[in-house]
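Each structure below appears as structure tokens.
In the two assemblies presented below, subunit A is common to both, partnered first by subunit B and then by subunit C.
For the complex of A and B:
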């Protein structure tokens, strides 16, 4: 029986202490940004300055404990990186509050941060087996569409800055599209996980392209088109672009066919040309991307952002010593310009590397996890970060035309923050399932008790005949008796 | 005095960026360890097999009991202990999830009576093949038999 004693599965380290260790410098980044801002602007720390950092530390500790208890094998890097980004965002929002005066964006954001961590904990506690979500593709789709349509409803929907994408309940405005982003990704993933094989292999050949069968592709196409059409009508082209890219990438992951990416790029070029012709503000965006300095008043925001980053240089002005509040909307769309001004190119590149780390861990999880739903889910969510960060930071730095997407974890906005914490939680849950040891004995025992006694083999003369054999095969194949050695 | 404070501010500014990159470097170290030193579940199994083969006296824990080994297919190297009853298939709730497009969701069932292990086809689309022959009835299998499910070959290993 000694062999049974050695029968414990090979020990796979949980890496929770590594995560806790990384959380210390992660917290230190945001807190020192906050402290340096106060020192640089006023020369002293405000009374009870330690209160907010202590609250943040408690919040992070709570998140860590939830991960440790519920998903012990989770990736150790995701949570610390998210905490660093959140800390940088809070410190910069507080710094902008100090410059503008009379606003308390940072405090509101802190409240949302608590809600975000609560959402993170809720997902980890109740969704540890994420595969239950795979059963309801159409229900998820309907929920996602309702969320997308909510801003168009009469009482709760509100119009801010020309886009009708907010709802307002009890004084708090919320962007349901952020939650819809998660729900629709789940819907795509659960639909495609079931049908990826038929999408990839069944259908007509058209040269190098294999066209999928209509009945496989129509539901997913309808899902996607409905989402994009709603967003275009709400004048939220950034989110429409995000959905489009997400759809293309998930089709590519599901089918392993590069033709989806090629076709998607052509479709995007066509749609972009049409939208450019008919939507006036898109022309303005493109113009301010290519020739910002030709119209100082129209492109004021982009120009100020450029000046700010140029003034920041390599290492920035230092916390609190630039003037990022000259840029309109510095705390939402242009927060990366504000950070570029105060912590410089080196700091801003560091932030981009942090996003890249989240994405790489997400993709690593997608490679590691065994079920295709988990693969699609993590690949999809990773790509959401890729597209969002590329679009908004690329827009601010004039690599691309500016699209109004939120900067994940950094910029002001509760709905985005809560949604991104939930996405981080899903990545952690899937990475736990992917990294934990495979060998488990519990499920077999249950099956044993329930079913093995059903068949009475000794009563049969010519070997066992089970109840589940299809009768039609009896005449075409022969009965085998093998392995009786 | 003024130049001293300017120097201090400049130093703190650099120190902050250095802290941010220190964090990134630490994360990079963790990611690297994850790649090279921490064995993920798949790698652990591969190691068990490699060490089990050459030295029969020090066979791994898994080799001591009957098991089902994926010898060809997407999950090559995977093993499942043969005990109780197990279902092979593509469905997420199958005991051995073979990740094979040519396998059915619940493709075949393994169970045993007092003599040996038995494999039964669960009405799969492509059938279950034992040692090259498609089975019509639950079939006895033992050590060394190869069961084909979709494009995945499974081998029964009994000590």
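For the complex of A and C:
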């Protein structure tokens, strides 16, 4: 056997039973919300009330089985947290349906949930070696741009609430920017993973700054600028903000240079000042954030949201016992206000902590995983996630001006839900690759043990291992590298 | 890369921390004002879904919640609504609330139980605190007597226990029934609100405490007090010509009747309410002394406590003629009937001004007393000597002067009439401010329009109403 196989690796627990154990309370949160809403509002459960909870449990079990079979070493916390948030969202959408009457948002959302879990399973089954994607930065970029531009196309593109960010096909509206967000993150990550070293070190020195070479920086800059410009043109400033943050953070992680962050902050301040000056609705948003009570009718939504959360107090009114439907768009932008009203400050803090758990698990994966692509990917997704949560929940709770972003896993909307399930799947796949013990790949090594080992070890002596090489040969090269150290 | 990823982690942690800090700070700092915002329909709806504390006058509930079958599970009813309206105020889903319904809203809804442990239990169990009842100081007999006496008139009566400041009667006519505004029928409420506000007789105006009028000759009590405090005695002589040319003008100030000579004593001047004599007193002691004395009686600032009254005022920056007119309660001097009752009460209480109040006790749902009002002093208005001299002079007004019709057999009564002609078109305002030693009560009667053709004067119109109120308290 080779030297790699001889060094007996420590046994890594899979933690699948932990995940299954956590899934039970995770499911219970949403189901109890659903049951309590019915009991509190009508005093009885609807006939065959167990059907939807049972369906959800089956769905979650299926997701768990896929994870267990395909990615046994995955992080055990991500899926239960996602399930908890989805349960809370579904229960609240159903509760708002009951209050408004005649709407069926929860049922539609449940259908999207099935699609989301399917997307989750698909990513885990077919993208377990996510590194194949690293080969196609420009292709990914083009796909992402097409997705971003789709709403501007005639026939399928539609304009809702002043933003042209929707497409409408067969009666279903879809926000392609949600998927574009994933694809463009992949594009950035794959481009930067190949070139992080040259971006950081090659180029002219300008005082303390090292300017990257133009041929390295121009493509990524074009990708980023194209995305942001399209979004600003579509009046989707919230998503543009996410892209901006994503770009800055991925550049920082790739190059380890704080100047990217400083420059990014300056650029953001400049862009924000220009947009504030020329976009009337942004001024209105800022004004409603600072002085909501100066114009009761214009700021009705944010005021009612505030009243709702205040009425909820510490422990909330209880499921079905508040009046969250007083807030316009309670099931999209203001779902966190609706939850704050019915499950209180305690519930809202819990939701924020759940989001923080996903982010911390994502960043932990970024630290553990061995390849640059995986690091960039998980760090990027984690940061965009925390940025989005801060923007929307901060907007609803008056920490920041309101931006029309979705609340991940909670708010109404299929595209966002499916995209976030896909992101969760990517985090799970990368975390599996990060925690998986090296020894598992003995069969691959066995194919041509001696040669592979000799060649790879010698090639490791100088220079980084090209991820392009590793991607073509599955994980072998990477793991030999680690095993060697 | 890992160094950068750790930094990203720190930033993510800071963002989450900011979110958590913000929602917590919002809960601690903003919740109270958000829940008390009148635009907050959630709170209003919840309050209308709950019973509300009772307001009592004596043993009689004058405002209470009863189970109802309309849009709201409870209905606020007002016994003798119009009579008690200036005390209870209204409680309306559409138009908010006022008076005691507003001042004690927290106690009435049970959200202000001052017992800390109880409040903690309530907030942990999610239960509203028990609603509290208000025991008012209103004496139903006096209220009824004043109400009856003012029927058909536009006016007000305020009666105070001058030793404590307790308000025994507080009537304003014409009035309205608060039940019209608390009804579960919102369309009817809206109609009632529109009608009441459009009524030229202004039935929702609180003439007892929220409106201010020229006090006329009752203000001579303040001028006399200022003179006595400045060293005068009741026997000090003052010029009382039949006509006085106001300094710097050609305007002649006249008397309503013969003052009894070209020079009379201060006591005589008050007894016959001699305008020229009091104008001369004002000119002698000066506007600063008058203003200072008025302020000591409570002019120029709210009384405090649970009475949300309009602020009476004595003008500043006067010339000589304006000072002379102000000394007899004309020009820009304004006072509420409550203010003039406080003037009479402070004199009767040996110079000590007591803060007027409506609620003597707040009683919890478990019949435990949550709070009891202790009489509050608003300072000394005049010295005990001055007070004694003024009492003597006021008693002679009732015994021998313009206030004879305020006499109650067997009681020691002191008082001062007032007839304020501030507008040639309408009848003069008739005032009487006085006190009775025995039931230790001070009463101010104000009649804007007696609704009859006879001459409207303080002596003829207001003094008999004073007598009826005091008799009810005897």
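The definition used in the following text is that the second predicted complex is superposed on the first by the 430 of 485 C-alpha atoms of A that agree within 3 Å, B and C clash if a C-alpha of one lies under 4 Å from a C-alpha of the other, contacts with A are read in each partner's own complex, and residues count from 1 in each chain.
By our rule, a residue touches a chain if its C-beta (ideal position, glycine included) is under 8 Å from a C-beta of that chain, and two chains touch if they have at least 3 such contacts.
Fair warning: this is a prediction, and the values are worked out from it, not measured in the lab.
Once the two complexes are laid over each other on the shared chain, residue contacts for A:331 go to neither subunit B nor subunit C. Of the two partner chains placed around the shared chain by superposition, neither subunit B nor subunit C is touched by A:433. By the document's definition of touching, of the two partners only subunit B reaches A:347; subunit C does not. In the superposed pair of complexes, A:390 makes contact with subunit C only, with no contact to subunit B. Contacts of A:175 after superposition: neither subunit B nor subunit C is touched.
In the superposed model, A:301 lies in contact with neither subunit B nor subunit C. Contact with both subunit B and subunit C is seen for A:360 once the two complexes are overlaid on the shared chain. Judged by the touch definition given at the top, the superposed model places A:33 against subunit B, while subunit C stays out of reach.
In the superposition on chain A, A:318 makes contact with both subunit B and subunit C. Set against each other, subunit B and subunit C differ in how many residues of subunit A they touch, and the higher count belongs to B.
Of the residues of subunit A, those at positions 315, 318, 353, 360, 372 touch subunit B in one of the two structures and subunit C in the other. Only residues 3, 6-8, 10, 12-13, 15, 18, 21-22, 25-26, 28-29, 32-33, 36, 39-40, 76-77, 80-81, 84, 131, 134, 197, 200-201, 315-319, 321, 343-344, 346-347, 350, 353-354, 357, 360-361, 368, 370-373, 435-439, 441, 443-445, 447-448, 451-452, 455, 457-458, 463-466, 468-470, 473-474, 476-485 of subunit A touch subunit B when the two sit together in their complex. Note for the complex: subunit C touches subunit A at residues 1-9, 11-13, 15-16, 18-20, 22-24, 26-27, 30-31, 34-35, 37, 39-43, 45-46, 123, 126.
Of all the residues in subunit B, the ones that touch subunit A in their complex are 9-10, 12-14, 16-17, 19-24, 26-27, 30-31, 34, 38-42, 44-45, 47-48, 61-62, 64, 75, 78, 81, 83-87, 92, 95, 97, 99, 101, 109, 111-113, 115-118, 120-123, 127, 130-131, 133-145, 156. Residues of subunit A touching subunit C in their complex: 196, 249, 252-256, 293, 296, 303, 306-311, 313-315, 318, 322-323, 326, 340, 345, 348-349, 352-353, 355-356, 359-360, 363, 366-367, 372, 375-376, 379, 382-383, 386-387, 389-390, 393-394, 397-399.
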